[in-house]
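Next come two complexes, and both contain chain A; in the first it sits with chain B, in the second with chain C.
Right after this comes the complex of A and B.
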């Protein structure tokens, strides 16, 4: 499901939780990085070497929980905002979660905020224990929330309490068929899909000919927007692959310029 | 007509790195940037980058642009920077026509490194010309460059890294994101990005597409439909979502007009995002004077673009006699970085695509 929704599956999360013994010893880092991507700053920044070196930059990070102190340095620099600081020793019934938070305004210590889970659902109220703005301009602020112990592996975000945003008025959609001929395909020259389809039906099966007849692609954007769309329509109607579709010659200039500019150009030296 | 050893077209991550590598190899460089500032898309990237130290991992993109520009400023006698300069044509006698302000200038170079990046793909659906429908890049420019919110409530079409990141930036700007949809059955972007948006309450609907926008003067909503495993609409699954912005983030396409001008051999490679040139291991195309770096070689992350820029800067310089003092080691290091950035599962399609257009050792 992770790949479809962006919400990490339970099994992924459970796999990297440290031992019960370690969890009772104080704060630790919890890295929710479950996809191999080329990224390794966390392994370089840890002063205790607790995020183990990678053989390959695409490896998943691994934590040595015995040496990790939960110091938060890695959480501030992680480009993916995927590192949280968990402390399950805060009180009998509560723990804390340190959350990387790049929104303005930051909450203040003591504020009560709405704590959210990985899917963005509000699951409880939480009190802000600490705010480390990490003013060094590159880093991410870290906000530490006090949450019920049983939610320590659920709370991963929060929002400030405020009134719900005013909803936009609902409107009636137009009643038209899917992609009718009136759909615009070249915005610069106002050429419609219908015109392009008719040309393809007449046997014009390449971008160059369609451009000459319809002017699609002759406007200020020089076809950067409509060319791939016209190619798509040609492929749909003719079965031609993109590599087989004639684009026509690309000639200077790459953008519309005035004759006055050309006439004012430099003289040839030779 | 100005003459230079190496002309680099595009001042994004690839072009900036190429300029630095070429200049430190001893070549004289002109770096062209269409925009009024260097950095390309980096200036809109407020998130921390992935990768490793060498690609400035954990640094926010916007600061990477400054770091790279500062390096060039240290070599003013080697690097000339033309801002607000658009390359409009590359001719077979190795002359580039450049629009600078209202003037057309000519620039003759021994080598060109084309690092023009990519343009956004669009999508055909009913009423897709209504005001309020943006490319994700435009939304980023509005918010992160100009400080303007695009609207109140956004439908994001596309769950690749750009769609996910722009959704996150919209949330940061106080804009509601109604949903992120993607026609593919799985999320294309990094899952850590997806998770941080998901836990903020934004639904991600895979196997969904937009069939129509509606609204009188501008977008007032969109119709979504679920897709089956063959990506065909499932009847009866249509639903309306009220939004005033539809943001299209369905991928990028290499911006390669100049390569067509120059006579480079181009092929359509789906894994790389569109038409790309054949090249050798040194990032030289079949035209001796033309090298490539960044998204124009195939759509990837900025981290790979930077390494490719460095590699092309080194190899293009060496081909005209400006060999970096540590040339072999530097080139090896670039190739090793590229190999490792593409080694994981997310790099598989890149490697497949690259294999189709890369020749030689």
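Right after this comes the complex of A and C.
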């Protein structure tokens, strides 16, 4: 489920929750890192050695909750923004969650924001207790929210309250009306949506055929931009689903280099 | 001005200016800029033209993959200016064909 939706479910989360005794002792780090990827800055940065060394760089991080002080250093360095600082001793009914937040503007202390769960659904209002912008170290700001205790293992993100005046009109970028024929689909070879539409109408319904006729996808980027757009148009016009449409041949993007770079080995041979 | 003034994480050092020319016009950027970022900040949005149709091409992927920003730099054609560091005194020109070597 997690691999399909990207939303960690309870079974994954409970695996790494510390003991009830530790949870009552004060702030601790909670790492929501559930997929093996080659990444280990958290194990190197912890001044207390609380994020245990990995045998393999692909290992999931493991926390020694007995030595962790909840100091927040690891939360600011995690490139995946997967590290949270939780304190369940804030008050009788409330706890705090420290959330890495890389958006502008940052909220201010005392602001009320909309707290969200792992799936991005707003679940409650929360008050901002602290903001550590950490300006000097150029690292991720950590925003600490006060949330009801029963939601402490749910709140993992937040958004500022929407100001009705700032709201942008909602536009569906894939709505056909928003895509006139003059839209450039392949920037490298200057192929427009109108040309692609005409080819699909003629019966060409896969990326490679359209590429050979129109040159869409033959420029320097080799289809990085236009392939998904052409597939989207084939889907719209023919009703085929994406997995029924042939992807066509993938080739690496081309990069202009000097002859000098190709001939550089000659000197070594002499 | 199209520069990011406020960023949630990064700060930008603008202490050293770098001067270069674009189609004969003198333009200033900062040390650490790429040619494309300095041009874009100076309001230059057309970096070249499609070799066949002549349609304008601008700053697009910004990581050296799309090939939309090929320009002539110090007389050398087909330079991806989005990944080329800005150096004092560079001569940058727009390119409208596939690039001439001589």
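As a working rule, the second predicted complex is superposed on the first by the 159 of 270 C-alpha atoms of A that agree within 3 Å, B and C clash if a C-alpha of one lies under 4 Å from a C-alpha of the other, contacts with A are read in each partner's own complex, and residues count from 1 in each chain.
Criterion: a contact is a pair of C-beta atoms (placed from the backbone, for glycine too) under 8 Å apart; a residue touches a chain by one contact, two chains touch by 3 or more.
This structure is a prediction, so every number in the text was calculated from the model and none was measured.
Q: Of the two partners chain B and chain C, indicate the one touching more residues belonging to chain A.
A: Touched residues of chain A are more numerous for B.
Q: Touch check for A:48: first (chain B), second (chain C), both, or neither?
A: neither
Q: Could you tell me if A:106 is touching chain B, chain C, both of them or neither one (first, second, both, neither)?
A: second
Q: For A:179, is the partner it touches chain B (first), chain C (second), both, or none of the two (neither)?
A: In the superposition, A:179 touches chain B alone.
Q: Would you check which partner chain A:219 touches, where first means chain B only, second means chain C only, and both and neither mean what they say?
A: A:219 contacts chain C only, not chain B.
Q: Same chain A residues contacting chain B and chain C, which ones?
A: Residues common to the chain A contacts of chain C and of chain B are 102-104, 138, 140, 184, 187, 224-225, 253-255, 258, listed in rising order.
Q: Per the contact definition, I'd like the list of chain A residues that touch chain C in the complex.
A: Its residues touching chain C are 101-106, 135, 138-141, 184, 187-190, 219-221, 224-225, 253-256, 258.
Q: Which positions of chain B touch chain A when the two form their complex?
A: 1, 47-53, 57-60, 63, 86-91, 97, 99, 102-106, 119-129, 152-153, 171-172, 176, 185-187, 190-204, 206-207, 211-212, 214-216, 220-221, 223, 233, 240, 242-244, 253, 255, 257-258, 260-261, 267-268, 270, 274-275, 303, 340-347
Q: Within their complex, state which residues of chain A touch chain B.
A: Spelled out, the residues of chain A in touch with chain B are 2-8, 32-41, 44-45, 56-58, 77-82, 102-104, 116-121, 137-138, 140, 156-157, 159, 165, 167-174, 176, 178-180, 183-185, 187, 193, 222, 224-226, 228-229, 232-233, 241-243, 247, 249-255, 257-258, 260-262, 264-266, 268-269.
Q: Touching chain A in the complex: which residues of chain C?
A: Counting only chain C, the residues touching chain A are 6-11, 50, 52-53, 55, 57, 60-61, 64-68, 70, 76, 78-80, 99.
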